[in-house]
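So that we are looking at the same thing, I have put the structure below in structure tokens.
Residue numbering begins at 1 within each chain, and the chains themselves are lettered A, B, C, D and E in the order written.
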């Protein structure tokens, strides 16, 4: 009948997406569209999707991309603008998320799930140590709390934070921290400002905090590793993606909005894994139809009602309607904190930072700059370099990359 | 002449295939290395399609040469390749000699020893860095933790407690740190490739001339002298082959470097190319050309050492 | 022999012991991997469950539920088998030609072939992607087979060459005197004679194909994706992951390790690369 | 049929010319033996005839047909290699059948010939063994079997017996000789064994550095060596060559006398010397005599029970009729 | 010094006894040659003496000292292997120096001995080559050089010349003989070559299946073989053994006569037969005669210029004084 019977979908290998494979069996049944899933580790996915898209596409009909790519790729014409019918209720999508996935007001990728960051700490340990962590607490307070909980002999480390090099790994956290210290990646002329005093203060603080009160080998830890540590009861606090909350299995977890040194940009990041349609595909309509389904309210219902999953496993951070669902609220103690965190994030370009994005800059050169700096920060964390040296090297590398890119 | 034409022509399919396989992508790489070519650029969209109008001369090469990790990548690449070669050859020789003479269970030990060679590089890296070397959750962390606990317990013990209180607390080593990530890669690749060396040395040892050994015994040579003066020289050629093959494979390590530390403290040219290839294909291509040059230097160097013996 | 008899019982015992220790040490990581694959993710990192735990197949069922393991495995088998066959089909005539009808350039050609293996794959990723896409070969078995065949061809040719060199030239010449043509020489004499060497070459080539992870990941999406790609997708899954990861890894390397064990003797010869002389 | 003619054949390996221009005719049915020092080009010559090496220049004619650039498989010759070059993966039967199979002969005919060959070579019991399970002599016979089933126009043998032990050699030597008598096919045989050359050949070709020094029947070469090289090369122990005054007496630069043509005595004789080493073989005694002018030591054959002792005086008398004379160029003077 | 005594030595490999109890004494300074068919235990015996194999029972005495369980390196013997067993990666100089280096001898002394050995073995020009660049004969000499620098109490040679070509063998044979005369060190030499055994030995030990068949000087063995086995084994071509009526005439089960002790004539003689193959070596002619009762063919040595033709009648007369008689057990009857 001339309609595509197959869609190839590239997804990141995260729980929600893996679950989608099962949930979507119903979609296949309903529409007759067969779905081929390619699930890949984040870095590999990015590389694959980039090379596919940049070389004219055609391999994938639907791709998972993040907030960093969506606006740029939309601008470059690599992915299709997404406009869905009224039933889709685009206004239900959290505004910050929607803004982050748009270029000049047009949405290019639909959020599958979104996240911000927050503090997840062990109330039992803070209580025992006689400290508290408040919403948007000061960094000094956070450090004091970490110090109080830190007890390596008992296998408990005060603070678990990302340290593994990567613009989406340690730099995601470090950038929010720099933001809260008043720093930014670039100035209004897109000149890197990594050697600024704000950066220095933030990185010194980060190295000090994680170096003294973090687990050994922090320079290798990112979301997964810390999640494992946390669930082993080895972490006093963890500042990371809000999505982590749904995986936590230890008792006594409490949530707080991210610490802030008093900067208006805020200390929360904003991220969404979204779905987009590359312009190279031959099955644009079917792909869009699939995305419309997968990012819809019904999808949330489908997961919640699915016998294998249930309400604890619905994707969050994309729509305000999800948070309004009583079934969801019943199982998600973190819902309020998560929503607050997402809403307080501000991805738009402002005077303080000329680029779109909180913990990244939505420009094509950012991954390269971000990776280079990430390695330097990791080196500083391992003590291979002083913070000043690391930042100087970062600045030099960033300048060279930006100049090379024509800025 | 006449009779030899057809037999000689038989090598042409392979030669032609490899020529195409090498030349076509390589010439494209060469072309890209001389133009501005990026995957995405908001300010200069014209750079996004490879075209002669973006000709840049040696600009990409200059950029790569000046970039912060280029020299480091070359040095580090040589460091890890040489360390792995050194370790695999030493371990390979020792273990091959150890298991050469028959002993109960020789077959099983041999099977155990060669198994690592079949493991995929990515699995190897993931296995080692996460499950074995991780300072907290891996075996290293668990072992260090248990020893510390044990020593702790003993400190309190009456009588011998003072002795254990002299013991320092062990701290686990992070193998993903800038200073150590190269060692992690060296360890895991050595683990994987030592079996290869063992296998080659073992076959070679079996062909060792028994009469030479007997002659040496009559000449009064000790076991060590026999090893030093007969076995080691006998292994010269297999060592050359091990060095050569491994150099070929290890110059292009990728998965291990990626998985261990994402290039932090540990890089080689292929990895650097991968980093550039995120966006800047021109620079990646220029690095590629450098890598080809380096590979050929190493190849010529290796051939000087081992080429002669290989053709006999 | 006298020399053995003179080495003491004690020496023999300690040598045996040492050999076993070394063997077990080398095998331990693999044992650990397999052991962990039978633990739940949570148990996998708990010191108290190092060796004693309740084994579970959960990780394996999870894997087969969420990923089409058998498709990946089938693709691995298909691509590795055919790549090996093609490599031999091209390599045998080439090695024959070099071994028995050498020219002055033979040595250089052989070394040039080996040097193509040193070309970093990353350097030609984009050219290769362009080419395969424009030829419409992306994510096809054919392309994967072709690439696997080509990257292993130099090693295959070299190994075969060292084998063929060991065959006395006179036997080939006797064949010529007996009236065989070139094809007959290869088919009737060379292949049966060098069968052991060809088999071990094939085996090694197969292993390298099976374990190849750069091109098989980057030139495929679904249709031709091999186990390497399954590993790539799972090497850092979200969450606590040692158990799951181990299961996927064990499932990917298991077949080849078992194959390796069975063909151990054969492989030993193959790996010698003519080093035995 | 099997007349082989080499016309101005040369062969160079790279820069070095191993065979300078050479002419040679081997008649149909002849048993020609090539002898010469190691490295003189015997094998090369054989391989040129077989076509396993290409000539650098010149022509190879077989039965008057120019075969110079015909491939070995088309020349209709059979070769038996020093190392036998049996196909180790085939049984004896298959080894022998191989050339017939390649020629597309019918199964029936193949079997008939195999049986015949096996019978004549005493191989019937071994037809289903592989070469690895045979003794050297049996392998040798298989190699010959493989050659004879084809009815080649000529056989080429490259030192076929040199790998065998003494007893077997004698047996095989006789067998090959008998085979030649029976089949009357041209045979070219390379050896460095005196006895083989003398006993088997119709025609011996003596080579040195690629050059033919002499061609002739064994006894011709023994009795009338064309030059000093041939004189020294044919016969064992070597001919004694005497220079100086003694030679000049006979109007020659050098004279030669074979050990078996000198009579030794303790009492009187033409030449006088002292006994060096005396090698007692039982059947004969070879006495190495020192102190004879122009030839030191001179080797002499005495009876097995001769009792010459080291250091004794000894008198030697040559058989004048068996004296060989050579001029300054080393050529024979009649 | 170097008197070697084997007392009731036996050797078994697993179940099979290769050497049944065996006694043997080799006096100091003797040149003893072991001969026997392949597989009879010659090498094993040599290796037992060297200590490379352990005896299963019995004693090995060297200079009256019990060395049975002393390690090979302490026995003070030097061995030259058939394959030379040179160290391929060392130069000739280093090869020769190796045993001295192992003994911790001073550099100076080493060099002195190397120079001396090289001079006496004509190796001075090759000291800096590696074995791979030497000819067979040169390698052989290096192996000997490596042995002599140690001043061993005895030399053991295991078929050292069997890899060499005929001309070289003759030369090396003489060199080793001369070396023995000069050094007067005990030498034990294994060979399967008749000529070597006869010409080099003071004492030949004939072995069969691990049993000593006879020990004696070469001529003793030639003239008075203790049994049929030795009679057939010593001498080339083999002794003709005649059974039946002719033997009974002489009061023996078997009589033996060597080819060189039979006179052939065209006209008259004791025995009559027909000529089979006549092998013309120039110096001699070996005639194979058929039709003699009790011995077919009988081999006879005639003069080099003898003209016996295939199928002719021939008359043979044995030299009665050289007749050997053997009883039913195959033992010699005096």
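As a convention for this text, a residue touches a chain if its C-beta (ideal position, glycine included) is under 8 Å from a C-beta of that chain, and two chains touch if they have at least 3 such contacts.
Keep in mind that this is a model prediction, so the values were computed, not measured.
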| item | value |
| --- | --- |
| Neighbouring chains common to chain C and chain E, by label | B, D |
| Identity of the most central chain, Cα criterion | C |
| Two chains sharing the most C-beta contacts | B-C |
| Centre-of-Cα separation between chain D and chain B, whole angstrom | 58 |
| Whole-Å gap between the CA centroids of chain B and chain C | 16 |
| Centre-of-Cα separation between chain E and chain D, whole angstrom | 26 |
| Interface hub residues of chain C, defined as touching at least two other chains | 45, 125-126, 130, 232, 235-236, 242 |
| Chain B, residues touching no fewer than two other chains | 4, 137, 145, 217, 274, 277 |
| Junction residues of chain E, two or more chains touched | 52, 71-72 |
| Complex contacts: residues of chain D adjacent to chain E | 38, 165-166, 170, 174, 177, 192-195, 198-199, 218-219, 222-223, 234-237, 258-260, 277, 279-284, 301, 304 |
| Residue ranges of chain A touching chain B (in the complex, touch as defined) | 43, 47, 50, 54, 72-73, 75-76, 78, 153, 155, 164-166, 169, 215-220, 225, 228-229, 232, 234, 363-365, 367-368, 371-372, 374-375, 378-379, 382-385, 393, 396-397, 400, 404-407 |
| Complex contact set, residues of chain B against chain E | 209, 211-212, 214-222, 225, 229-230, 233-234, 236 |
| Touching residues (chain side chain A, partner chain C) in the complex | 8, 10, 13-15, 18, 21, 36-42, 44, 47-48, 51-52, 55-56, 58-60, 223-224, 227-228, 231-232, 247, 249 |
| Residue ranges of chain B touching chain A (in the complex, touch as defined) | 38-45, 47-48, 63, 66-68, 129, 134-137, 141, 145, 148, 152, 171-172, 174-180, 258, 261-265, 274-280, 283 |
